[in-house]
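Chain IDs A, B, C, D and E follow the sequence of writing; residue 1 opens each chain.
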């Protein structure tokens, strides 16, 4: 019955999101939103997909992966090849971007996911850098100077991708398969002993996460006119990681909120170019010092709504802070 | 979802409200190539200060800087912000060809001139037989300097074999190398080794050892001074004594410090101007720059940033308006504008036609060798 | 020797110790028994300075030590063998023992104590160079006790030393506790294994949900029906 | 053949620099279990302090080295107290994000103060000649670096494994509360760790400046990352591992470049890293201590 | 019931860590429905033996057969599916998850709905999830844990955590249940309740149980047979009475008299 409540809130959110997108679409076509705001909205959307896809890998499955920009790159390049080199339609590019990245996730996931903790982190970081270097060395995609890509990302496509990403990942998480991933995060040895095929689920989470990062890559490539290997270095991976951690590890709504908030902060800071990065870094440090568990802790947005209705025990004690 | 739009803003393209003309600067102020962007910004700021003493058409120029973090998507966000939010009359930037290219579509569709001080890749202004009519540049394009260098090597230094060492992350470097190679081999020279590095590398011993092994009579290194300084130093340490040559990317007093005076002997560059040039225009610039920036000698980025500001100011003056489209026309018609880096005239691909000079480093000083006209 | 006076300890807003008062005289073995979660470990941690009481005082021979950092308390002669042994897994047995004497400067005394500890626990001497993380549970318990003894404490706090140990070892451990006590070390012993604990203790306290509910000599409490029923099993 | 040897020499020189940075990295990690991403930036700060000591304060090379080490030690402790200490009980990933924040802050703080332009170490501060052995030139400086790295490695290994403070560090790394019960002052021990690690980074910065001449505010990013890779390669937390990892990485990079694939250099380095981790999941020297079940 | 065919047959199994023979030449048979104890001094290799049975470690010698099928080298999750499940000496719950989720995860192997059906929220997803939830709740009732269904596992008192771990192991549907010191850290009162619980689940789920325990009251009280391990080797086996009086066992493990 708990899950039933989830279901209701879930559909409500979807409907709200669709209404929201339609309204925005009208504002865009009506010209009320100038292109700067539109651009910011697009960045937010892409960052949401990235954050949510990494959330599945780190927040749910507990696999410390910091090479997410690698999947973004694969998706971006694969999709750009589809539209720019092969002149095929954009929707196909989205799909191919996702599939190519998922495939990359599979290839890198199978060998590396037996690593743990920081070793996994550095291996995935290495993977991200390798992807970057591969694209740097392929002249077909322009080498270091990159590829120019037409602007094909539109608001409806973006919104559709964001929604699909969120829905798929929520649905996955709130099922026995998602719980299998959670159990790996909680205690891999015990998960194994309960009959969970930990390798399979780690790879699965990796592949799904990579798929959506690839889709984000496709949207990214077709939004920003140009893609260059240098856009996809480890600092980009860190940016995505920061969204997930700042939102609260394990909270999807946290990832979404962090993606929105940080994109806006970053955009706002662009008015002060001299101190932009200085302030940004301070924001990071201060946020972590004062809320090390992230904005949402492990709670979801829906949990907050339920508080009034006297939630059944459990989630109250999330803000476990050990004494200093 | 939030992000409520705070300022609706009128649609009128008035960048000159309140006695100010806003000029955007979309530059690499942080990230990988922050030093380029910052140098350009210094040049622009100096120029604006000077220009604003009199003003342009009775108005002051106001710089709206944007930090694109050396990142193409950020450069786009910046261009979007500058055009749609700040409604600038023109944008100066970016430092690199890649980040400039990222902004082209936005400049074109919003009809705001985009002027890159240092984006030398050929296809920035003209691509696939089509002119990007709102895009301009202050610097040469790559082929010119490469050709000049090849001619110099063959005819003045009389070498037969050469090695090329490029920065493969830079269109500039690749472009120069390509045109050098084309002319050098066409006229009977032989390239015995090609090696590459990536910007921000610090250790070049491995590639230089290979170059040394190929025993070239001449080494062409079309890169930026930050790496070139180290390359020249390490090359000499490894015992490469052949003459080396580069282009305007070398031009910085830092080069001499990085490489060391002795190591730089027997090296040459092509350049827009020579800071040792007795031309009063150049000397004034150097003096003013040193005065403003605590005795720092200007490098090529500083000079080109400075020139870009004058380039735009001149166009605004001639347009008699801060309307971006009028500025665009005026920019395109620029002819004979006297700048620090030479007399400016644009060809029909919006590339400046400027003469180049060849300089030799002798004990840490740039010595004027020859002037080459296009 | 040690006087705990009306202390209150909180974890966040969980009130773990509610006005606990107890007293330990020199040379005694005092045992503290109570169910899971009663607050036994919390009390020991508070005495050794790992936790700070919100109110109340702890007097070690008339010196106030409540809220002081563990370092100072160790220096004053209290050693705490924590629940779950907590040996330094990636260090050898020998290094663990050395760390026990961390605050001491007297080289000769330390060497003597090494000998003493090895005499008490010959197994440790056998495994001197082994990484303590790979020791079995019982061996680790011995190491933890040996490590605490290396500080030459006057008061030794033992938190469930028999947990998870084989019967023979439990006996050994209790025997050793008595031996340690006989060499003049005062002992506060926390135990689930109340039968055993009462058999070697002079006095005992019973703690229930953060409050001391009974106190007396070990014999008195061992007789008490109520105590028997709640803590000593129905045998 | 001659060339190959020259390339090996090149690689070892480069590798010694990585090793030097990796030593401090791995030590801090070994004790605090924090990937201190700001380590590379402390290295940068060290290079600048050395530079200003030499050029502005006219110090000789060794005094400058000491000044830089001392200042970095202080700086490291400051960073730890302000940014990491409050997060001791938080998740490690939160500490990592803070470390990234600190790293950015140092980088852009430096740029804010002095701009992004590079600076060049003065020439000839170390009067060392290159040695020519059968056409292979070995610069005196690279020998110096290798020597410094090896000496520091031995010193560090000694400190961590044989001294009292070293044992306290290891105890703290394993179990802070238990360490407290031994009478160890955990805060001071962790500060000492950061002080030593940061001093090493400072030394590396100065040595780097002398060897490569160019220093700039973002110079710490790539060597920092490479040093981290080197540390992992050798088995993170293991001091000799950092040394070997650094040298290995340097040699791999040199050989890849020598083979004409200089653009693939970093790629190959990471491929080697991943391959090594697949076969030795805890690095070359790391014992794969599985959690005891 | 074919009593002569053992459920578990361990043949000369052993493992070494470097030079240390943690377990060696162990021969052991469990018949269906038996409740057998495994005792031995600390460090004798009992937990390690469990780790061999459950695939955490791969035996370096000998073989392990469950229902005649060889388990050597099989991945732990496969072994669980074959029918061995366990608890851990140091509790390993999924701490941040609810009690209910802890048990549901153990039911995962029996889930019938695929990832695709979950993502698309097909009817089979809902049916599958509902079934799991119902089963898990019913199950937790047996362990008296149904009033803390939504509590996070780490917030339970110690005793309940132990029970939850057993519940979770049972939910994985084992034929053979391995309990590693289930009574550790419990007082005599709690231990007695645990004994009753173990007896109850054996009946109810038709289980074979192998149990490691240092609490002799418990071991002698519920086990039908006992194996004794010392220094990695079996030194005795037999009924509780036999073991209690076996001089070797007394010397190595029990000490002179048993209280």
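As a working rule, contacts are C-beta pairs under 8 Å (C-beta built on N, C-alpha and C of every residue); 3 or more make two chains touch, one makes a residue touch a chain.
This structure is a prediction, so every number in the text was calculated from the model and none was measured.
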{"item": "Chains touching both subunit B and subunit D, listed by label", "value": "A"}
{"item": "Furthest chain, CA centroid comparison against subunit A", "value": "C"}
{"item": "Longest centre-to-centre distance from subunit E, chain (CA-based)", "value": "B"}
{"item": "Distance between the centres, which are taken as Cα means, of subunit E and subunit D, whole angstrom", "value": "47"}
{"item": "Inter-centroid spacing, subunit C versus subunit B (mean Cα positions, whole Å)", "value": "74"}
{"item": "Whole-Å gap between the CA centroids of subunit A and subunit B", "value": "37"}
{"item": "Centroid spacing, where centroids are CA-atom means, of subunit C and subunit E in whole angstrom", "value": "31"}
{"item": "Residues of subunit D whose C-beta touches two or more other chains", "value": "108, 111, 263, 293"}
{"item": "Residues of subunit E touching at least two other chains", "value": "56, 88"}
{"item": "Multi-chain contact sites of subunit B, meaning residues that touch two or more partners", "value": "29-30, 32, 168, 198"}
{"item": "Footprint of subunit E on subunit A - complex, ascending", "value": "2-3, 168, 171-172, 175-180, 182-183, 186-187, 189-198, 204, 250, 298, 312-315, 317"}
{"item": "In the complex with subunit D, residue positions of subunit A that touch it", "value": "58, 64, 111-112, 114-116, 118-119, 121-123, 126-127, 129-130, 133-134, 136-137, 189, 234, 238, 241-242, 245-246, 249, 274-275, 277-278, 280-285, 288-289, 292-294, 321-324"}
{"item": "Subunit D-touching residues of subunit C, taken from the complex the two chains share", "value": "48-50, 69-71, 74-75, 79-80, 82, 86-91, 95, 98-100, 102-103, 133-134, 147-148, 151"}
{"item": "In the complex with subunit D, residue positions of subunit B that touch it", "value": "29-30, 32, 34-35, 37-39, 168, 195-198, 200, 202-203, 205-207, 209-210, 213, 226, 229-230, 233, 237-239, 254, 257-261"}
{"item": "Contact set on subunit D toward subunit C in their complex", "value": "164, 167-168, 170-171, 173-175, 177-185, 289, 292"}
